[in-house]
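Below you'll find a set of structures to go through.
Consider the two complexes below, in which chain A is the common component and chain B and chain C are the respective partners.
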Partner chain A sequence: MALLARRLVQLVGVLLVVTFFSYLLLNLLPGNVAVAVLGPNATAAGIAHVTAELHLNQPLPQRYIEWLWQVLQGNFGESYHTHEAVSTSLAQRLPVTIELLVISQILAFAFAIPLGILAALRPGGWLDNISSITAFGFLALPPYVLGVILVLIFAVSLHWFPATGYTPFLTDPGANIHDMILPSITLAVGSLAVYLRVLRAEMIATLQEDYITMAVAKGMPTWRILTRHALRPSTIALVTVAGLNVGALIGGAFLVEYIFALPGVGVLAIESIFSKDYLVVQGIVVVVAVAYVVVNFCVDLLYLFLDPRARGVQTLG
Partner chain B sequence: MSRGHTTAGHEYPEIPAETLLTVEDLRTTFDTPRGKLTAVDGVSFELEAGRTLGVVGESGSGKTVLSRSVMRLLPKRGATSTGRVRFNGHEMVGLTQKQLRGIWGTELAMVFQDPMTSLNPTMRIGNQITESLRYHLGMSSSEATEHAVVLLSSVGIPTPERRLHDYPHQLSGGLRQRVTIAIALACGPRLLFADEPTTALDVTVQAQILDLLAAQQRERSMAMILVTHDLGVVAGRTDDIAVMYGGKIVEQAPTKTLFAEMRMPYTEALLGSIPRADQPSHTPLQAIPGRPPDLVSPPPGCRFAPRCPYAQPRCRHEEPPLREAPTKGHRFACWFPVGTPEGRQALEENRVRGVALDPARSVTT
Partner chain C sequence: MAEALVAIEDPAVLPDTVGVRQPRRFTVLFWIAVVWLVLIIALAVFASVLPLDSPTQVFACIPNSAPSWHHLLGCDELGRDMLSRIVFGARVSLEVGFTAVFIGLVFGGTAGLVAGYFGGKTDLIISSAMNVLLAFPALVLALAVIAFLGQSLRNVILILGLLSIAPLARLVRASTVVYAQREFVTAARMMGFRSRRILFREVLPNVMPSTLSFAIVAVAVAIVAEGALSFLGLSVRPPAPTWGNMIAEGSTYLSENAWLALCPAAVLCLTVLALNFAGDGLRSFFDVKDSAL
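Let's turn to the complex of A and B:
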């Protein structure tokens, strides 16, 4: 538990740094922040209003602390274009992005784990060769190419799935999943290829370990050796890669949302960047950065579950 | 020393003991980039139920591959193993993996060299013991746990109930090797392979582990094959000893006979390389010069000839067969055996000629 407390303190430290730099982003804009936020047609009254609201006449550390206090209460400010609270837009858009990320990762793991195990069982076998070649092929295909190809085949030619569009889950769960399949596959393929390669390599190494020979000598069946003895020690690298992959994945999700016209955070970010809606961009950056840090914190905790040696030595007796 | 000779076969020599393991002309090769490597080359021996055989040889002599070949625990690819292995009524050569799984653990078990790597670091000790009990003997979870506690205390682990929940990294090397022994003994095997079971342990713990193995072996009247590079380890703990060199058995005898009247110069050299308490301190150890033979293209004749102080021209082109010595159960492969007139003469001739034991140089006549 002391370990957990130490990790939590670290997490808070990292979060402070991350939010500070996210906040700094707005202040790094050239010239007057209020002018940048309001655009070229800003009026003197508007500038005065924004300066007051964003506390622009106060020193930076103080502004940061006041801003952070507001953010902790869920207040990211409001868009100067739509006059909608940034938190409201995020609340609408985040579930779409999260759903896309979660489904794509479930798909990636659901295929990568069994394929990685089977490929490692017979390295150089037909399954290993086919999965390796396919994985490399998909790795070389960026999502914006793959997405378009999938749309051409499964939406335009076969009409199995819609090319674009989104149905909220609560309106019609079936239609929601149906809409999400192509985007999720597009996003999953890159992760799948990486996870498959990492797990395969780790499994091959693990299967050389003495304790695997020992399990064989105990007369344990192959499936039990693979799942009970070899999988867990082999997933440590996989979990690390999955955590680090979150950053690339979020970038990929933004692209996929754009291709399939999903109303997620990515599309919001792109729109806000084009319309110079800086407070919205800032809100998104904060949320994404915090999410990345928190996911990797969870990965750290997962190590403790996966590898008893990481829990610290506590000898009995 | 007498402990090894109290088994049924010796007390009642007129009743032949049950043969548990018969190995005939066992040959195991590995495909390597340089060609076929013959790690075990035509090995034959027998082992009676409840007895202990020590297999001795230096690194690369094929002793570990021999035990893996008898168990049929070889890599699926790149390894070929032929010959006959008859164990407890099974013809082991040619059995499928599935058939072998019915024998592994239950009739045939193995203790590995390094307890630091042979236990799964991510599984609790309890699970590593109970899984074979549940899988092979169909025990329920609670039965298996009870049995595991009994096993752990029988191998001398204090507070076994608490140790069940430990992970291997929480135990010392000696305790871990006790755990691997408990795992190997779990389903009551009839033959236990112990492959250098003490090499990775502290000297102070080595004797304890060997005594534990001997005690368990007697209690369970289980046969054991103790593989080691250390003649000192097998001296008081085995009924018979087989000395391996270059993938072949070069001498085999009941333990007492081997030490009393060894015939093979390699055995003599192995014994000479053990430090002895009766010698004054700082006596240099007699290392065996040269290196073990290349098993991809072994030299013609006797494989030990290039390193042998007795070697004569004949040794270099004619391979000595494994032949019977006058004493029962004693076999050796040598043209100029230790302790015979021929051997003494060969040694003397080499001394007179001043042949250095440089394997790079050849003996000239």
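Let's turn to the complex of A and C:
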């Protein structure tokens, strides 16, 4: 419990730092922030209004605290182009991005776990060699290349899937899944390669442990040894890497949304960058960075849960 | 960037190779990778003296024409020479990749050396700063900084350099900690050498090989990241060619002429693959564990 409390304090500290840096982004704007936020059509009245609303004439620490207080209440300001609250657009876009992330991770694990186990069973065997080489190749395929190739094969040539487009899940679940297949595969491939390599390496190490030899000597069936005795300790590394991978995954999701024209947070971010809708960009950065920190915090907790040693050390110390 | 680099850390040594003395030799793949890299770098460096049409010259040849003797990789939808665009695109990719990682090496490497050698409070402060840098998803931070700072080659290099500081610092710190406890460092300390001399003359040369092989892989990561920014239209502005914006432009003509997207995509992937192989090859070459000392 003491450990949990310390982690929570750390989490709050990191969140404060991350939100502060997200807030500082506004200060990177050249010239007067209010003028930049309003764009070329800024009027004197508008500038005065924005300056008051963003507390721009107050010292930085105070501005940050005022802003953070608003953010904590879910108020990220409003777009100066569409006059829509940033929180409203985020709420509309987030489900698409989350769906994409979840489906891609399910796909990645569904392929990486069996392949990793089988490859580790015979290191240097044909399956191991093929999967290692493929994984190495996949690592050199960024989403914007893989996405274009998949669109070319499955949308342009074979007409199996749409190249772009999105149907909300509640409108038509079948069409929604159909639209999400290509984007999810595009995003899954990178994670798949990473997970496969990590799980394979961990499994090879685990399979050399004495208790595995013991289980073999007892005459346990191989599949049972692999799934019950070897997989569980090996998943610890897998979980850690999956947590570290989230950052790359979010970046990848932005690109995939852009390629397949999915109305997610990534496309919103890119549109807002081009229309110089700075408060929307800032809102997205805050939400994404906080989500990333919180996910990694949860992975840390999961780690404690999965690995009894991580808990044991703490009670002794 | 750290996330992408996780993948590169190699799996455990195979059981049947442990303890077997392996000759230190580079594989054929390593040499193929080196040849490709030399070719790309040479083309990029000598781009302006090569007999190429300007990469932005429209109607230099018939739009969408297939590869021919005068235009080795054919022409794009505006009749611009593809080879020339790829070669000039290589300039952007390589410039961004190498400069960004150089920034990462100078700042991250120094921070890692200092943190790993002195330990204690110094280490705590530097490591916390690095953790803050790693607390943002890399591409999102890059997008945000470009959005607020403005879009230019310099800003792309700056942000990717900033992003490569933390992973390199972590790596250098980890290997510095190991060497700082070795006998020759203790001996140098006993002889009364100053810390700066010990760091640069005793520790640095030992940390260098693993750092450089990692840095080569980091260049690949930076090139992919620049590609992503160009693909989204946030790096060098068109019509100046980059591999990323060529892929993006080509992808709108997939049904008419898929070559326009596939050609730069293939060059980008081969370069990334070559950098990964080169980094990997160098790493196992320098790896003391593998050489069975």
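Keep in mind that, in the parts below, the second predicted complex is superposed on the first by the 312 of 317 C-alpha atoms of A that agree within 3 Å, B and C clash if a C-alpha of one lies under 4 Å from a C-alpha of the other, contacts with A are read in each partner's own complex, and residues count from 1 in each chain.
Here is the rule we use: a residue touches a chain if its C-beta (ideal position, glycine included) is under 8 Å from a C-beta of that chain, and two chains touch if they have at least 3 such contacts.
Every value quoted in this text rests on a predicted model; they were computed, and no experiment measured them.
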Clash-or-fit label for the pair chain B, chain C on chain A: fit
Partner chain(s) touched by A:Ile250 [first = chain B, second = chain C, both, neither]: second
If touched residues of chain A are counted for chain B and for chain C, the larger one: C
Which superposed partner A:Phe136 touches (first chain B, second chain C, both, neither): second
Touched partner set for A:Ala289, first chain B, second chain C, both or neither: second
Touched partner set for A:Ala175, first chain B, second chain C, both or neither: neither
Contacts of A:Ala237 with chain B and chain C, given as first, second, both or neither: neither
Contacts of A:Ile47 with chain B and chain C, given as first, second, both or neither: neither
First (chain B), second (chain C), both or neither touched by A:Tyr211: first
After the two structures are overlaid on chain A, angle v-u-w for chain B, chain A, chain C in degrees (C-alpha centres, nearest 10): 80
Touching partner for A:Leu29 - first (chain B), second (chain C), both, neither: second
Closest Cα approach, chain C to chain B, once both complexes are overlaid on chain A (Å): 6
Common interface positions of chain A, toward chain B and toward chain C: none
Residue ranges of chain C touching chain A (in the complex, touch as defined): 2-4, 6-8, 10-12, 14-16, 131-132, 135-141, 143-150, 220, 224, 227-228, 231-234, 244, 247-248, 250-251, 254-255, 258, 261-262, 265, 268-269, 272-273, 276
Chain A - residues contacting chain C, complex: 14, 17-18, 21-22, 25-26, 28-30, 123-124, 136-137, 139-145, 148-149, 151-152, 156, 163, 193-194, 197-198, 200-201, 204-205, 208, 241, 244-252, 254-255, 258-259, 269-270, 272-274, 276, 278, 281-282, 284-285, 288-289, 292-293
Interfacial residue positions of chain A with respect to chain B in the complex: 209-211, 213-222, 224, 228-229, 232-233, 306-309, 313-317
Complex contact set, residues of chain B against chain A: 71, 73, 97, 100-106, 109-110, 112-114, 117-123, 131-132, 135-136, 158-159, 162-163, 166-167, 169-170, 180, 183
